[in-house]
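First up is the structure itself, then whatever we jot down about it.
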Amino acid sequence: MSNGTNVARVTHIIAESPSGFEDAVKVGFERAVKTLRGITGLRIAEMRVSVKDNKISTYRVKMEVIFILD
Amino acid sequence: MSNGTNVARVTHIIAESPSGFEDAVKVGFERAVKTLRGITGLRIAEMRVSVKDNKISTYRVKMEVIFILD
Amino acid sequence: MSNGTNVARVTHIIAESPSGFEDAVKVGFERAVKTLRGITGLRIAEMRVSVKDNKISTYRVKMEVIFILD
Amino acid sequence: MSNGTNVARVTHIIAESPSGFEDAVKVGFERAVKTLRGITGLRIAEMRVSVKDNKISTYRVKMEVIFILD
Amino acid sequence: MSNGTNVARVTHIIAESPSGFEDAVKVGFERAVKTLRGITGLRIAEMRVSVKDNKISTYRVKMEVIFILD
Amino acid sequence: MSNGTNVARVTHIIAESPSGFEDAVKVGFERAVKTLRGITGLRIAEMRVSVKDNKISTYRVKMEVIFILD
Amino acid sequence: MSNGTNVARVTHIIAESPSGFEDAVKVGFERAVKTLRGITGLRIAEMRVSVKDNKISTYRVKMEVIFILD
Amino acid sequence: MSNGTNVARVTHIIAESPSGFEDAVKVGFERAVKTLRGITGLRIAEMRVSVKDNKISTYRVKMEVIFILD
Amino acid sequence: MSNGTNVARVTHIIAESPSGFEDAVKVGFERAVKTLRGITGLRIAEMRVSVKDNKISTYRVKMEVIFILD
Amino acid sequence: MSNGTNVARVTHIIAESPSGFEDAVKVGFERAVKTLRGITGLRIAEMRVSVKDNKISTYRVKMEVIFILD
Amino acid sequence: MSNGTNVARVTHIIAESPSGFEDAVKVGFERAVKTLRGITGLRIAEMRVSVKDNKISTYRVKMEVIFILD
Amino acid sequence: MSNGTNVARVTHIIAESPSGFEDAVKVGFERAVKTLRGITGLRIAEMRVSVKDNKISTYRVKMEVIFILD
């Protein structure tokens, strides 16, 4: 947080991808960056895998999104 | 989370009811459903009871509300 | 906590009932209210079930009892 | 644990019911009691609610099942 | 939570101040009160200190903001 | 714990002050020292702020009080 | 959990791979799917790395395996 | 908890012994049993060791004491 | 975990002994080793003491048992 | 962490002051800055108070010190 | 830990990489292996992402490094 | 912490012994006391058991070592 802007907000999202955990992080970040300005970081809170028909179907990540309030 | 919609948001609410914990869950859910579309689940995070004049006055539940982002 | 009384104490109890968790909360509260004045709230810390002879016998709740010190 | 039998096992299950958390506990217990002998208790580990079409569809409970090993 | 209004929301913010932790709490509260009506309380979740050029530069507080939903 | 006295008890209190967290700790300590002999320490467990009419009204601290049993 | 089958079991496994954490998840899943029918998901509980002769030798993942009980 | 007595209280103590952790548990239990009737169990919450003059001086155990309320 | 066998399972047991916590660990291990092949380790998760007639009756240990899957 | 230096170390210290928690943070920071170059931040992990002769004697803070490795 | 060497030390580091979490683990491990002999393992404690100018800039991992003391 | 010396450091070690947990604590303490001056205490963080060839081979303790910085 630089001078003048000294309050950030923390939002929680869950994102998923069939490709892996890091791709799920990117999917979530790309969705968040569409509506939130000033994102400074993410914190991974939980990692899960969904299984369908005896196959891994998606990797799922719950994460905090931190962004500066104007 | 079905195809195409693969990011959900998690909001935190506290709801209360004089009737019991499950009714507090319903009160919170009914308030959330008014303003949030695409709710898929709730997670109970904390349960408390308020006491007034030596009587239980309300049951209080803190919970996560998970809903799909369009 | 209203004016003048600004310290509360927290006590921990375990209560049980054959009827369910909320009834266990009430059983614990009713026992506590006999000896403690100024109870303002309870916080549920743990929920367990006792089983005897392949039947649920009691619902058990561990909880904090918060009460104002005179 | 009485004399002679001094080791218990802890299994983890998730059970759900459309009626409420306590009914979900019963559903899980009734399923467990079919295959496990000597159950002595349950411990609630997590409570969730599933939502479908803007309605609460099921109450879900994750719990430990403790049973004596012969 | 008084009669009629029985659902609150919990938001998470991070605020900082060069003066100390309590001032960081005030900075965060003053920012929050600009956009949120009906704040009833804050809960401190984490305290950090930022260091620059071998000097403490800011005190940082992560906290929950609880406010009544109309 | 010196020789001869080797058991301490831990009590939990919540104290508040309009002036800040450290003053709340002092308020709690001063109340505890009136009725408990042999206090050796405190441990801060939770910090909250109460808000009334869009102003911070009190700083609240939940803490353990450790004291030697005679 | 669909209609009729409303109890799931949670098992805990540790799996490892020389290739990375996601491959360890797959190794564990493929072993689990051999003996367990109806797996619906995994939850990552811990990630570790084993080192031998100053080289990373394996990535290790502890996880929950959730599967429907018939 | 047998019939008729269905509320227990939980107290927290810290006990120490120069002989070891289990002896510290006994020291704490023997002090507790002097003033509390109806103790049913203890739960170990923390284990520490005190060191003086480069020697282990005491083993210290923080524990819950559970006892039935008449 | 050596080459070829790279998945382990984690089971949870509770064991007790009148002699002390380490003996309870041994009692649990000896029971587990009867039915599980390939045990590589245990992790202590909780320690409790049962009290009967104002005497310590048993020391109880909850623990994870880790064993290689063939 | 700026370009080129991308590994930091985390050390844990406990510092105390008779004046308050923030002064204890400063005391710890000033001691750490004497021997560690490149400190970027602190994280408060625990706050305690020492009591002697029925008076608060020191405020004690356990904290992480994060510093860049050259 | 093999015969004769039976004490290990645990150090905490934070490492980052623009390529992903596993690469951050490698960056941290390679820095640690330069100064520490006898590393036997790592444990991941936290995963974060830094964001600059609306892009993911680095993946950051906090981890324990375990190494044998000679 | 006496006057003049008011900062302590916390180091984390893992020690093991074939004889039991308390002996593992002693093994770790004796190794630590060789290189660290001013140790004031230890805190047990984790207890594990290693198994080889269906026998308990070592008891392992992870612990904090607290020592005064000159």
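Think of it as A, B, C, D, E, F, G, H, I, J, K and L in the order they're written, each chain with its own count starting at 1.
Assume a residue touches a chain if its C-beta (ideal position, glycine included) is under 8 Å from a C-beta of that chain, and two chains touch if they have at least 3 such contacts.
Worth saying up front: this structure is predicted, and the values here are computed from it rather than measured.
Asker: Hop distance check: chain D to chain J, minimum number of steps through touching chains?
Answerer: Step count on the best path from chain D to chain J: 3.
Asker: What's the fewest number of moves from chain C to chain G, given that each move must go to a chain touching the current one?
Answerer: Minimum step count, chain C to chain G: 2.
Asker: Name the pair in C-D, A-G or D-G that forms the same interface as G-I; by residue number, over half of the contact pairs must coincide.
Answerer: D-G
Asker: At what distance in angstrom does the C-alpha mean of chain J lie from that of chain F?
Answerer: A distance of 23 Å separates the two centres.
Asker: I'd like the Å distance between the centres of chain F and chain L, where a centre is the mean of that chain's Cα atoms.
Answerer: 31
Asker: How many Å are there between the centre of chain F and the centre of chain I, using C-alpha atoms for each centre?
Answerer: Centres of chain F and chain I (C-alpha means) sit 39 Å apart.
Asker: Do you know which chain G residues sit against two or more other chains?
Answerer: Where chain G meets two or more other chains at a single residue, that happens at 11-12, 21.
Asker: Once the touch criterion is applied, which pairs of chains come out as touching?
Answerer: Pairs of chains that touch one another: A-B, A-E, A-G, A-K, B-C, B-D, B-E, C-D, C-F, C-H, D-G, D-I, E-F, E-J, F-H, F-J, G-I, G-K, H-I, H-L, I-L, J-K, J-L, K-L.
Asker: Flag every residue of chain C that touches chain H in the complex, lowest number first.
Answerer: Counting only chain C, the residues touching chain H are 11-17, 27-28, 31-32, 58, 62.
Asker: Which residues, counting only chain E, touch chain J once they are in their complex?
Answerer: So the residues of chain E in touch with chain J come to 20-21, 46-51, 54, 56, 59.
Asker: What residues of chain H sit close enough to touch chain I in their complex?
Answerer: Interface residues on the chain H side: 21-22, 25-26, 29, 33, 39-44.
Asker: Would you pull the chain I residues touching chain G in the complex into a rising list?
Answerer: Residues 1, 6-12, 64, 66, 69.
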